[in-house]
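Below is one structure. I have some questions about it.
Chain lettering (A, B, C and D) follows the sequence in which the chains are written, and residue indices restart at 1 in each chain.
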Amino acid sequence: MSHQKHDTFCKLLVRNAEVYAHVPAMREKYLGIWQVWTWAQVLDEVIALSLGYKEFGVKEGDLIAIIGNNRPRLYWTMCAAQALGAIPVPLYQDAVAEEMRIILEKAGVTYVVAEDQEQADKVLQIQGSYKEIAHIFYDEKRGLEKYPIEGLTSLDEVQERGRSLQNEDESARQKWLNDVSKGAPKSVAIILYTSGTTGASKGVVLTVASLMWGARVGNKLSEMTEKDTVMAFLPMAWVGDHIFSYAQSLEAGFCVNCPESPETALADRREVGPTCFFAPPRIYENLITLTLVRMHDAGQVKRLLFNFFLDVAQRVGGNVLNNETVRFIDRLLYMMGKIIIYTPLKNRYGFSRLRVAYTAGEAIGPDIFNWFRALGINLKQFYGQTEASVYVSMQPDGEIYSDSVGKPVEGVEVMLNESGELLYRSPGAFKEYYNNPQTTSVAKTEEGWIHSGDAALFDGRGHLRIMDRAKDLGLLNDGKVFPPKYIENKLKYYPEIKEAVAFGHHRDYVTVMINIDLLAVGSWAERHNVHYSSYQELAANPDVYAMILRCVNLVNKDLATDYFTSHLQIKRFLILHKELDADDGELTHTSKVRRSLINERYKVLIDALYDPSKTHQFIRVEMTYEDGRKGIAEGDLALWDVEVT
Amino acid sequence: MILELDSIDVVYDHVIQVLKGVSLQVPRRGIVALLGGNGAGKSTTLKAISTLLQFERGEVTKGSILFDGVRVEHSTPDELVRRGCVHVMEGRRCFEHLTVEENLLTGAFTRKEGSSVIADDLELVYGYFPDLKLSRHSLAGYVSGGIQQMCAIGRGLMARPRLMLLDEPSISLAPRVVEEVFEIVQKLNHEQGVSILIAEQNINIALKYASYGYVLENGRVVLDGEANELRNNEDIREFYLGIAGEHRKSFHNVKSYRRRKRWLA
Amino acid sequence: MLDILHKIFVGPFIEMSHAPDLLVQVLWEGFVSGTLYALIALGFVLIYKASSVFNFAQGIMVVFSALTLVGLIEMGLPAWLALLMTVGVMYVLAVSVERTILLPLVNQSQSTMIMATIGLSSFLIGFGGFIFGGEPKSMPVALLGIPTGSMQFSVFNGHINIQNLDLAAAVMALVMVTTLGIFFSKTRIGRALRAVADDHQAALSVGITLKQIWVIVWFTAGIVGLTTGIFWGARSDVSFSLQIIALKALPVLILGGFTSIPGVFIGGLIIGIGEQLFEYYWGVQMGGGTQGWVAYMIALLFLWVMPQGLFGEKIIERI
Amino acid sequence: MFYNEVGQFKTSYRADQALFPIRQDLIALGVFLIFLYAVVPFTFNNFWLNTVVIPTLIFGVATIGLNILTGYAGQLSFGTGAFMGVGAYTAFKLTTYFPEINIVILILTSGVTSAAIGLFFGIPSLRIKGLYLAVATLAAQFFLEWVFIQMHWLNNYSESGAIVAPTRTLFGVAITGPSATASARYLVVLSIVVLLTWIAANLVRGRFGRSWRAVRDMDIAAELIGISLFGAKLRAFAVSSFYCGVSGAMLVFFLYGAAEPNVFDINRSFSILFMVIIGGLGSIYGSFLGAAFIWNLPIIIRLIPLALGLRVEPVYTEFLTSMIEGALIISVLIVEPRGFARLWQIAREKLRLWPFPY
């Protein structure tokens, strides 16, 4: 079975249905137990869906928007659409209706597959102003039975239509298989709208060939086989989830597990026990916060054991993993630690069967990275982009350092232009930005080089080191380089700090705006009898300011040790009275900071930070609640100074 | 202030944390309402004040309770009654095998005065609750819910309290009876100067009589204010009174997903 | 087959008519054991009435108090001082029971409380035995000023003899029943006791001090136990076998109703007399020793008809 | 700490409701059974087998019986000793009339008669409950005790009034009577106990168990949803007496070899009730914990002073035992009303959550 024959995802599905007929392809936890579909069953489901969609008028070139949590039938819709030549366009499920309307209109989507009533309501609201949507399909029936709208049908009905078609006309299935076998790798596989940290989000068009290359490279790097199993819990609109839970799964035949709901993802993960795991740094940060908060409440003995063996791990864990030489006593202690703390901890995280774990999408804080490697989890950081079908550079085995993203992947050429921006050329490169030739020409040069938009440098070991988004890379007034991400990651290591935004571009010194973590600070407040009834009240509490000051001092001490970074020490900070949230546009849906919007919306606070005379600053900001209702969040925020060594 | 709670924490069985940092004040001769759904921690708060908690394996682990300026969170129920703080428990809890009059007399257990003074008090209670006089000799177990509720309040009154804690008096009573009971309670407040702390789910009626209110939600005070302020607070109307915007909230288009409530600003 | 029926339903009654004086003697024996059952059962009712707890250890408290009294007298203390000391011991016992068992288990279900009292009875057996040794002891009746000797009466041209001791026991039982009956219904403490039994949390909320009430109740039960122990010990010696007989209080209570003090006296008489009659006229043919189970059978028959006994309070159950 | 539940997921409700859903528990049970069958009979000497292991197993079965009646169905009973006696005497009579039938089968069938008698004495439970029902079981206890003494037919008119276990064989090996070796008797008892425990564990999880617990918790509500109270209670009496009967029969045939009526008196009922309370009301493995503890307590109390070298008359150890037993019951009821089983459960839960507290 040479590679050429299986050059589209639908052909891969047909192959899997024969070669791995009885291997489980997809599992979904529903009503407490895991429903299982083997590859053969998945093919039947996809054919029924595909023929059903055809009945509802989906034809070649149509765009199908997919909105919702990770559900098997939403993944199968992708394959079913590609079989008809249509193009799936997954969107972020936690976006507000208004934000979705802009993208649906810009892409000219004609069909929408919504997961449940919540998403269906948003789309119905959008239909008020954007009339092009021909039909809406929904997966979860709850609450939708009584909707009297004729342009709304459930996927059960679609599949019913598809199956009855096959019963009436025996050749329908064979005809579908023939069309699929004629599928061209050059055709468009999918359009992914980037979270767009700078400006409006852009629709990245990826061909089947480029995604196929990405999938093969990914599977080779992690040695994925059909025996592996992974969790699908990341937003389906993110290239990381698409390549990992769709493309690579079809290519290598491993099983994808969908949790019952986002809230139960951790517990479901512990049940399934994935062998390969991929997530953005935010997920790893939350795990550490969860652990530290719970260990605060643990009994005396447990806390003592935990802290003692954690130090052993921090000291010696990394090199044990890289099997460098370690003193006998340390190795013994580490072994004891394994039995008492590390294995049980991995068990609680659901990481016991993990062969390799990846992090990407954003630079991970070195302390967070080392925390997991010290526990014996084979965490690796790689650098990728939606525009590059994910893989650009990867940390090779044995050479894993917390501040680098490894070496370029086989088949990818990398170079730095004069302003330090990273450019790359790869078979996984994207075709274009949909309906946006102007930005496409800016991003893609004639010889096929693509501008990554990230500032980077090569360190002594030949590894690539990503400094920050090129646009965000600033310069202090004394001309020294100011990488905000580097400082923010150091701050975010502390469980009390959920989000941080650093300022310093064209300024004399560095200042920071902090978002406290309600879970960690709330449990601290309960233990110290600090009374609060809302997030804003807690954020304004002087004791909380003092606690954050202690963290900032620690970060400053760390920055001061290295000559290159001592100028980055933070001089003043404030705690924001509301949480930065994607609904207010301050964060992307993968919780990356939108600096341009924050600089403009909180300008009055930033100026106050740089005006030594001011110790307080009033701020009034519009905010949106969950159901899109607008409200006003105002407060008088204190500004604190920090001495610098 | 006759009663002050300063960020008390209550834990059951050393494990289950029920109240987190609850603070409230009851002014002398005032009527204050403690509002919230079931499981919000209203009864627990009252039991913490009357120290009945210790008999349910519950304890106040942090914060303090001042009654007339004296810390009482670690004293005993009978001491509280002697100081003049009586707790009328949820579900009335009359002594079923004793007659209504015997119930009232047990209310005066802690009183040292002679039987003649207690007899006068008995007449006073019958004055406020005329129906009680009619069924004074029948077993409390057999009388109607309304009578039982009046008997429980009357029993509390017999101890000549300066503060009465009423735990959901409106429960399983017909609206007309609830109105009647609350009218009498208000008369008590005006004439006898008894300050009242009412824990209620029925927010409508509670806010009609109380001057100040606290909203409890799973163990935390999430909102407090003057009664009329609370009455037209937009979130209270939505979640507790079921009024969305101007018209009454219709429940036939209830969503299958839950809107996350944010008590901000 | 016929003669078996005759033996059961006809024979005994003929015998009774032949020897009426013997019948009266048997009836008196029944009356005597009935009063002692009533006295034991009185201890059970006191505690049940005040805390709805069926105190299995009441039987042992009888033995324990008697043993303490005898033990102290054997140590050479004058009778009246020994008596006083035993009363003191019973008070200490009441306080420690309240502190170690009743308070920590305040909200537990009735079956848990029953098992706690079974634990208490096992503890008291061990403790009593450990201090006063296991062998049965005889009650020094004379020292305690209890009438001895017996009187003869002639009736139906035969004669029966009545022990003065038994007469005194009957009088004492009657005195106790009446005083306690009045105490419970009329006095302030009595009403408080009944309130605690109904709903001890509501009693607390009204200001009744649970600790005080329970100590009073267990102490009175201890005193009743002591008097029972004295009279029981006078008839037969004081030994731990009494604990099994104390279980007989259960059928007495069932007949008389758990919460009525006069009912207990009548229940005790019915069981006492019923047992003696059955044993004397029917049991002998079946090989004797029927006192062991007859009481329970009588109680079962009554239960079938009146689940809450003759005088007990109606069981009120509301959901 | 030892639990690694990653990767153990259920794809069917049947698998989800298995007796031991977590693999580590299954492994632990397997290892324990192998230890019992392969190691114990060969390494433990006669003293340990006869005075510690076999009695614990036999009384464990009786405790399961009482647990079903009191722990699960909530019906208080003081008749356990008598029902054990019925089982013992029935087995004795059956083996005298049918000596050739295998003794194990006879022992199991003897349980049926005690179940029938248990059923009979359960009839009052239709109208009365709680303390009043305790009278019915007390009546059974004293009446049956009186029958064992009076009816000489039961012990084949032997002068001593005791019944003696005749020698019976299984697969050619003597398992009852004087010539039976301790390990042979141990293996037979163990197999019967394992079988009965497995049945009880599933019975209690199934429909019967649910109806019992409903009756225990709120009988009025159980009646409202359609559970026939009388049916549930009678089933509880029957099954409970069956287990007590078999345990009584095993006691005579595999342990004492002979028994007078006082072996099955009211004190036996109380000691089994202690085992149920301390072991844990409403838990099958708790019954064995309770049985092991209460049966071996006097042995430990006798051994400790000997080890320390100080002389204690036997009568004092008896008092000391009952003192400790009483004190222990009270403290168990205060600290953890659900007994050792609950403590074991909490420990297991903590291990699963390790190192987190919740």
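Operating definition for what follows: contacts are C-beta pairs under 8 Å (C-beta built on N, C-alpha and C of every residue); 3 or more make two chains touch, one makes a residue touch a chain.
All values derive from a computational prediction rather than experimental measurement.
Asks: Looking at contacts between chains, which pair has the highest count of C-beta pairs?
Replies: More C-beta pairs are in contact between C-D than between any other chains.
Asks: How many angstrom lie between the CA centroids of subunit A and subunit D, rounded to a whole number?
Replies: 58
Asks: Quick one: subunit B and subunit C, Cα centre-to-centre, how many Å?
Replies: Spacing between the chain centres: roughly 45 Å.
Asks: How many angstrom lie between the centres of subunit B and subunit D, each centre taken as the mean Cα position?
Replies: Those two chain centres are 50 Å apart.
Asks: Between subunit A and subunit B, what's the gap in Å when you average each chain's C-alpha atoms?
Replies: 50
Asks: Counting only chain pairs that touch, give me the topology of the graph as line, ring, star, complete or other.
Replies: Graph shape here is a ring: one loop, exactly two partners per chain.
Asks: What is the complete set of touching chain pairs?
Replies: A-B, A-D, B-C, C-D
Asks: Which residues of subunit D touch subunit C in the complex?
Replies: 70, 74, 76, 124, 127-128, 130-132, 134-136, 138-139, 142-143, 145-146, 149-150, 220-221, 266, 270, 273-274, 277, 315-316, 318-330, 333-334, 337
Asks: Name, in rising order, each residue of subunit A that touches subunit D in their complex.
Replies: Per the touch definition, subunit A meets subunit D at residues 27, 29, 32-36, 270-273, 291, 294-295, 297-299, 302, 305-306, 339-341, 343-348, 350-353.
Asks: Report the residues of subunit C in contact with subunit D in the complex, numbered from low to high.
Replies: Touching subunit D: residues 54, 100-101, 104-105, 108, 110-112, 114-116, 118-127, 129-130, 134, 244, 247, 250-251, 254, 258, 286-287, 289-290, 292-293, 296-297, 299-300, 303-304, 307, 317, 319 of subunit C.
Asks: In the complex, go through subunit A and note every residue touching subunit B.
Replies: 116-118, 121, 142-143, 525-526, 529-536, 578, 623, 625-627, 631-634
Asks: Sort out for me which residues of subunit B touch subunit A in the complex.
Replies: Going by the criterion above, the answer is residues 7, 9, 17, 20-21, 23, 62-63, 220-223, 255-257, 259-260, 262-265.
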